[in-house]
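Two complexes follow with chain A in common, the first pairing it with chain B and the second with chain C.
So, the complex of A and B:
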């Protein structure tokens, strides 16, 4: 198995204009875009144990440099994000080469990841992990009204930093409902319960790829991932869809299309009945 | 038109909005500062930020940002060089202190400066001008 440095060099000499990966600079792990196979930066590339929203960075890079081809280091979650983003017309997979790495057993366990490896693994050894369900089980052991109280208590800590949205690889809208003063009153902390968090949870439905970056970025330790994970479970149960898995199958909740398309779909539905 | 040269990097820095010292990574695309990410392995903030930290890149390219010192001349602010501006400050402080004593002057420090900058400011206030009128903007 080759190391990351060798792979980056191979991709850069084999057609990619740039490689988005991680490097260790003076003890800090951070994303890096390597554009030259002879770059001294190549000596610093390292997988490290910090995760960054590489998909989100790629949306901007692909948009800013429309003629360039990119290679990118992906964990299981990064791959799921890029697949779902391509279906949402945010990244062009034809201009992307994914180099997969498997998370270590410790990382997978700490993260509670449902699938801690991408489709093709070039680095590391695949391990299976059990998705973390402790929070969901705790909430489900409560009666209906107590569940609401439980979440209310969690969300009372929210400082409205927008970190969950900002770090989220699947959040890319130019106009965000969470910044609409009609929906979310400006200057109020904590934000109104449950509307603020329901807006975000609904936007994540059929879209969240369960990377957990939101929960990692939350300064108030709100168990956001479990909320979105439960939403994804419901999506799978009711609509048989899990975001980030299939490259072809789009989310049944995608309403991307012209008004005409939607009218046509509605008409077909009516005739079907 | 030739292809734009690929240029994207993250610069580790410290949030300037308060004294906590959270670790930020500033996203630089081409010659523009385009975003902020939390530094995941930062010893203080451990990959989290508040809303100010998340938006710390925004003021850099602001049209409203002062990019040169200004001196009020005849009621109007006029751009000038640092030599002239600092001479005007020294002159104003000396005049106020001379006419009304050192406590007629106050010093306002900033969380957006380093500890060393703020140390120097209060030292200047106390040891050079002779007043304890020192306050700061970090009442967060």
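So, the complex of A and C:
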């Protein structure tokens, strides 16, 4: 797409030291870091219909080059991920220029994204989509014991490939709880219920930005996205927070308490007595 | 509690060092009767209890988990129990969505002066968990465990 090429050149001559986007090399989509406006690689850059957690690469790039500024091509989900990562002190938004692209109507419908466009759209046309709630509704229609059986059946297909974690734009810990032998027994496939998947679901609470890459990557078709989506609903319901929306407001699970929390809890306790 | 009684309900209680553990101690020295189904784990503050610990407790076959700490406003570390309160609501809903009865997880504020309340909490929680029966996550007794017995 010539459009993207123009934007990359513009950003590289206008203050950014490098542009992170995707390229199409002999039919394969790969991440590309363009550092020179005359680079021959520029001919290969493409918007394409593939998604890639570019935020994961950015975390490392920003750390490795602390004095450089980066421009990056973002979809709605990428933008939400970068916002959340900045609050978790993983990326520095001041050193980032986000170039927004809106997902096409087909992409948005296939993905079921809550917001398939970023704040500023430079490429493509904004379309709306509705996140699917079928799985959550199906689970909620089941009673306790059946519900657990349903989940156990889903998780029994897990081959513990760690694909969901590896692709996740929000996973960056050096020591992962999923590899802690006290929490997840090594060498057991499928991983025991409720260890592996519940730990991941809890870690995603107040963090998952609903990009759906986990479910796309899962070779066993486990409905991970619906599980994490429900966690965000719980988070909104209980603590009035949704990941990836505000640049300032941090997840209530990432600090002890504010005046607002304290007043609310004290009131609740007085009523409880 | 008998060691290999399969029908006996087992409850793990996380007690904070400054309030609830002292409350449990007071219940003991005051000789308040309460069921012997509880195993205590003393922690410095309920705010240190990661949701992982609760998951691990259920995974290891506990039938109920109790978290007890200082009343809101009385935390020895000022804000530790606010974190507990926030985490707890989310954790309980998450476990409910996965099919675990919500009655198996309980949060209570018990001060160092509330020995009687501690005994009451254990009584009512044990009853509630007993009514629910053994946890569906309890591991089947393995051959190894039987040999060991």
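The criterion applied here is as follows: the second predicted complex is superposed on the first by the 252 of 273 C-alpha atoms of A that agree within 3 Å, B and C clash if a C-alpha of one lies under 4 Å from a C-alpha of the other, contacts with A are read in each partner's own complex, and residues count from 1 in each chain.
Operating definition for what follows: a contact is a pair of C-beta atoms (placed from the backbone, for glycine too) under 8 Å apart; a residue touches a chain by one contact, two chains touch by 3 or more.
Note that the structure is a prediction, hence the values are computed from the model and not measured.
Q: Should the pairing of chain B and chain C on chain A count as a clash or a fit in the superposition?
A: fit
Q: So in the superposed three-chain picture, is A:35 touching just chain B, just chain C, both, or none of them (first/second/both/neither)?
A: A:35 contacts chain B only, not chain C.
Q: Kindly classify A:50 by the partners it touches after superposition: chain B alone (first), chain C alone (second), both, or neither?
A: first
Q: When the two structures are overlaid on chain A, which partner does A:166 contact: first (chain B), second (chain C), both, or neither?
A: first
Q: Once the shared chain is lined up, is A:14 touching chain B (first), chain C (second), both, or neither of them?
A: neither
Q: For the superposed arrangement, I'd like the angle with vertex at the C-alpha centre of chain A and ends at chain B and chain C, nearest 10 degrees.
A: Apex at chain A; the opening toward chain B and chain C is 100 degrees.
Q: Using the superposition described at the top, determine whether chain B or chain C touches more residues of chain A.
A: Of chain B and chain C, the partner in contact with more residues of chain A is C.
Q: Could you say whether A:68 touches chain B, chain C, both of them, or neither, answering first, second, both or neither?
A: first
Q: Taking the superposition as given, tell me the minimum C-alpha spacing from chain B to chain C, whole angstrom.
A: Scanning every C-alpha pair, the shortest chain B to chain C distance is 23 Å.
Q: Is there a shared patch on chain A that both chain B and chain C touch, and which residues make it up?
A: Residues common to the chain A contacts of chain C and of chain B do not exist here, since the sets are disjoint.
Q: For chain A, which residues are in contact with chain C within the complex?
A: 139-140, 142, 144-151, 177, 182-183, 192-195, 198-199, 201-202, 205-206, 227, 230-231, 234-235, 237-239, 252-253, 256-257, 261-262, 265-266, 268-269
Q: Going by the contact rule set out above, which residues of chain C touch chain A in the complex?
A: 47, 51-52, 55-56, 58-59, 71-73, 79-80, 82-83, 85-87, 89-91, 93-95, 97-101, 109, 136-137
Q: Can you tell me which positions in chain A touch chain B when the two form their complex?
A: Where chain A meets chain B, its residues are 17-18, 25, 28-33, 35, 50-53, 57, 60-61, 64-65, 67-68, 159-163, 166-167, 216-219.
Q: State the interface residues of chain B toward chain A in the complex, per the touch definition above.
A: Touching chain A: residues 3-4, 6-10, 12, 25, 27, 29-30, 34-35, 37-42, 47-51, 53-54 of chain B.
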